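Consider the two complexes below, in which chain A is the common component and chain B and chain C are the respective partners.
Let's look at the complex of A and B:
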């Protein structure tokens, strides 16, 4: 990991106010793997009431050829359940510009997904249900983007160790149903509960994919009348060690609690992206 | 030429707004009333324009494309082997202001088969919201609704079958409408109401370039007998109304539809004038779509009310029909999706139709059935798409197969190739009539 990322990382963490998740009382070492992963999901996929980010993905082949994916993401957490709704507006490459993608995500069953193709004014339901499918041709799967069902894996805390200068839990997650990996190791920051690194192993026990959080920033937003800080992974990489292909992702203009409404995640705005949020 | 003038006016309008737009794109991160503090982004994605396109006061996108195709067999009714031969530039200008959004999209092409340059203006429209619960979209626009995959029951917006059958991009299956679309959103339901003041017919197969079965001559026909229908071009008199009432219940989309207008292709015939006609038509239908088992299921039906031949006694006008469609699509393996559809078209007053059918004219079946299968496989980080779409009619005993391979070489360059294969036992059936039009095509596109 490049040194300047770590500097930014440490600097930003020092700005964390006292309300940062988990900071009040460092959890004891016996905390169960499942509990850690639940906090990780909360920190990584569900912070705030809602979120907006500009996402720029660089897909890089082993020989260095690059493709760009650029999109705006809106996320809304249903206050009454663990359901989430996502709205993606694609900007690059040119042939997908203006396309929108909407996901209603439920914790225990398959998501509902829609796509809108502006050139033909067509709203389609997306049949792709394999959450292990690649997201827009990147090294990230749909699950990597929006979170994997916690109950789909058995989690156990293996050890605690430092990654760089951060204290981490190392959690092993083993899928209960066969999938494209048989074992995942996650290094979870003890303070922020963000994943700093993940390793995916295939059935031959070989390391196939590696995720790294390359930069973490503290995003301040209003929450319940006061200012709250949301540690956010703003740069991340997923590398496929088998193919040498990697995807580097940068989040910019990240904002939490911007007042998104449930009504944004409907066919109306799928056809006409909400101007207020998507400039 | 008209389109060039429209583009020019649009450009002028946009330059008027440059100053206000500049003020809007400041770096103030005031979102939803909350101050947002994010560390400066190291790659500088916000603010500074990176290219000429981003410096424009409006969005400009488009592509340049060359595409060609030819028929695989001689056609005694068509002199040209080429079915497609064109160089196409598409420009799409888009501008969002506080009170409205403007979209202008036009294609400029040289069509080698027609030996002429053309401007095909696909969009010139403004979208605005006079009330929170209402949107209006006025002008030339592409309109689509319904649940079918390449099969349309309640979508009676114009199609371009010539583009579809010769291997243009899927985008061109939909022809533009000159219409006013009013959308109303309420908690209970949403309503789309589309008024087309002057009938917009399909871009139908007329014999130019592609041969077809002519029921009047009882045989295959091509450029020697190009269809010139009685036009329906009277403003307000030849208007169309289409509406859709829809809502979502727990991820299931339900819709009711209505249409009042005309058959979109000239399926009628006026024996006195010896010309094809667009008979009057109304359609009432419904659809539902949502998760079924491990995939997406849909059902749609429509009642086609042939208002000019409700008793079914006029052999020159199609009878009323009931049309049904059931579909299911599922991802069978990673990046491999299959979709099947069953379509049934029932001719009503079939007895009257058979009784009044002139001797020698081919009778259509009472029940026409079509089964479709779509297979799509994505490879090489989804940059290579291999797809196959098949229409097969067990009742007509004909088939239409659309294989296609599309590869994105880079984010800007793509190539594709494919075929349109028609076969059938008889000349007069829906796909069988195009048996001499079987063609292969390829294209290269640069998008920006």
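Let's look at the complex of A and C:
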């Protein structure tokens, strides 16, 4: 509950005045599930031309033991298509500092990935078929981090309801091919189109994972010569109800439209990360 | 006190019977709440350090305590289209069964395989889609045999067997899940054979069987005893009253046990049979009553006289029995403790019934009917008189032999004792839960097949613990862990070892373009750390969590053992200690065992020492009671000898035949104390009374062998018949208990009747010095 008050507070202060008038009007009830999810993907995974963030992931076991992952993430949206490029630089744990990971993501086909292992000075391509596997041992999958192909699920709008004091669409997504979940419910904010909560159900139809957006901040950045506000989920949690394990993620130093270049996302920079962005 | 009870029962029989019925209904109302518990871990209290450490290890490494294993065997090799298709289908169907832990079902389609192909690293399930071409099949075969992590776990060295490991929730019922899995198996084998094994199957199948056996054998034992009673005494009333006392004690004790919230365990499931046998003690009262009634002809007087005559022996024989069972309470093994106390309580209920309900029932009989039934009984007895008379004369001849050949009999006894001692020396203490099933049972043959082909169905953990974080990334530490694994694998019963080292070496090889010469531990902590991070970037988190803890301070070596015998784990511990002696771990790191195999070993030792101590406590208590009853050290000791002799012979036979000394056998030694001593109590008491009257030693001995001796044999036969039906059980502990109780009772009756006269004759000077003439 606390998180939702906070969201409301932040949003009411900064988001609403900065949003264009057309966007404040929620679309009519006839809006289709797929359309909502498309807007969600745009809001959650692709805002701005590019993005940079310091990410701190805490992996917490059921009995409270913690493992830390900290990394810097760069994202660049291809202006000519829906392709995206990601660059991850790992800082912690200490013995993996300097490991880098690069993803070229395409909306409807498998992405290309590379990893650099400094201890043996090797760059290796990594198979991308494991989009549903755990990202660095966390409760998030690769798809949870960078978005899932919209066409892989059938989406339907179940109902509209308040979550806390935010008006939400509740969308049900059912995978077309068998995967680790058989049903996902998303509570999507009618104004920001950010997911406030997601529930994943497994093959036994039991609730297994729950995503919550715990804090949403508006990040102001230059966009087309004026200041624009980007509502961003800066704290999120994925909890596995079966294992009691959870992963808490905090985004800090979030910046949009910083002028990243396509050239940064190449194998050369995997070995020598671009100093301008990653110190 | 007892006298007053009897007086009250005689005065107000209806009140007594009514009260008994009401209390019985009260206890009986608890029976539907019955639950069973067959988890061997619950043998030790929740506070025991072994159990607590075991729970901690399972939590820390995200290990599942309950795992089923579905073995799939095909003599043409399991890597073929049909079998692989079935494995894929079965795995996904099994994952849908409620209670199965979906994420950690491990088989071809779910196990992570780290590979490099065309320079591209991949962490993927080994079998993503069923291969259609011969080429794909060959590639799968290569993957299976190249990665040592798979060998003996999900593929047998000959390629003919694989397994799906199915962890289940601790609250789920293993047998129910096993039954649902069996329903999924294809009707036509087409060369595939399926075996379902694992601790939860054994446990919960056992629990279900236990109910069946309890429901089947308790009534059968009751019927057999009733029929035997009929042939001995020819009285329906006597049988009915005996059964009433037995049923009431069973309902009270089981009701109390369930009321207090205890589940029924293998041992307590046998208490009805024990209580039924113990209830035959009431026979003495009826016998004496009929006898007295013939003499005095007045019901009330006959009841009072009979109770006065047999009251003391009944009191003492029931007390010794209760004490024998209650002494089980000092063991640390919970189910044994509960069983001992439940039967002790039941015995006291029988004792109470003997002094209340039984005289009350007798009081309700009309004297007319009584006269009639005595007439019938007398007629029948005359009709059947010839063989009984013949037996009596045989017994008196036996008595003469015993008295005359006392020395020879004593010498023979000594020889038997020496042989028994040799046998006892060879006793092997072992608890093997799988051996609780018969050799040809589904559970046991599945276990045997899986142990022959794959790594083994019994699991142990060796937890390496360092004082420092990140110690498990240190190549020096990893080399020692690897060395320990190789040393352990030399043990014939260790089928598989697995640790974080196996991942590190494999990733080293895969990163270096699958070059087999890189299948080794790298030389720096950074490399190990980055390899494991790389592995953890896409592998199932549990892959890594099963073998290292979060701060990399502890590593878990997972062992698969091919036997549930405690000896297999003992060997592992010895080899571990020897290795660590020669190769101390960096920074003083230690190794601590856990897992079900280690648990069985600890429990095994508890069984031996726990039973030994409760045996000696039982001996002491029974001796004290004997001294109290005979009011003499010598006579008390003498009364004890036949029992000691019986136990020595029985355990001598156990040692000589090589039967495992397991929990049921161990428990029997203690509880047989209180039951088998009854015969000697009767013999000595009757002899001393007779000797006091006649003062002719030989005559008194022969009379005792012939008259009370007959009663003793009848009693023993009744006991033995009741227990012998358990021989037909499907579960070996029941068979063991049946055979042992029957032979202990028969043997102790024989030793009482044969050895006591000989011993009394031999030591007459010392024994008879204080006897009044």
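Basically, the second predicted complex is superposed on the first by the 257 of 279 C-alpha atoms of A that agree within 3 Å, B and C clash if a C-alpha of one lies under 4 Å from a C-alpha of the other, contacts with A are read in each partner's own complex, and residues count from 1 in each chain.
Everything below uses one rule, namely that a contact is a pair of C-beta atoms (placed from the backbone, for glycine too) under 8 Å apart; a residue touches a chain by one contact, two chains touch by 3 or more.
These numbers were taken from a predicted model, which means no experiment stands behind them.
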Side-by-side fit of chain B and chain C on chain A, or clash: clash
So, A:204: does it touch chain B (first), chain C (second), both, or neither? second
Which of the two partners, first being chain B and second being chain C, lies in contact with A:253: first, second, both, or neither? first
Chain A residues in contact: does chain B have more, or chain C? B
Go through the superposed model and pick first if A:221 touches only chain B, second if only chain C, both, or neither. first
Mind working out whether A:73 is in touch with chain B, chain C, both or neither, as first, second, both or neither? neither
Once chain A of both complexes is superposed, is A:119 in touch with chain B (first), chain C (second), both, or neither? both
I'd like to know which partner A:178 touches here: chain B for first, chain C for second, both or neither. second
Would you check which partner chain A:93 touches, where first means chain B only, second means chain C only, and both and neither mean what they say? both
With the two structures laid over each other on chain A, which partner does A:242 touch: chain B (first), chain C (second), both, or neither? second
State whether A:133 touches chain B only (first), chain C only (second), both chains, or neither. both
Segment of chain B that clashes with chain C, given the candidates 75-83, 165-173 or 201-209: 165-173
Residue overlap on chain A between the chain B contact set and the chain C contact set? 59, 65, 67, 93, 95, 119-120, 122, 125-127, 129-130, 133-134, 136-138, 180, 245
Inside the complex, what are the residues of chain A that reach chain C? 59, 61-63, 65-67, 90, 93, 95-96, 99, 101, 115, 117-120, 122, 124-127, 129-130, 133-138, 142, 178, 180, 202-204, 208, 242-243, 245
Which bits of chain C are touching chain A when the two form their complex? 59, 62, 92, 95-98, 100-103, 116-117, 119-124, 128, 470, 473, 511-512, 522, 524-527, 529-531, 533-534, 536-541, 544, 549-551
In the complex of these two chains, what residues of chain A are touching chain B? 8, 12, 52, 54, 56, 59, 65, 67-68, 92-95, 97-98, 104, 110, 112, 119-123, 125-130, 132-134, 136-138, 180, 217-222, 234, 245, 250, 252-255, 257-260, 266-268, 272, 275, 279
Chain A-facing residues of chain B, complex: 25, 29, 31-39, 41, 43, 45-46, 61, 63, 94, 96, 101, 127, 135, 141-145, 170-171, 173-174, 183, 185, 190, 246, 248, 251, 253, 289-291, 294-296, 298, 329-331, 333-335, 337, 339, 381-383, 408, 410-412, 414, 447-448
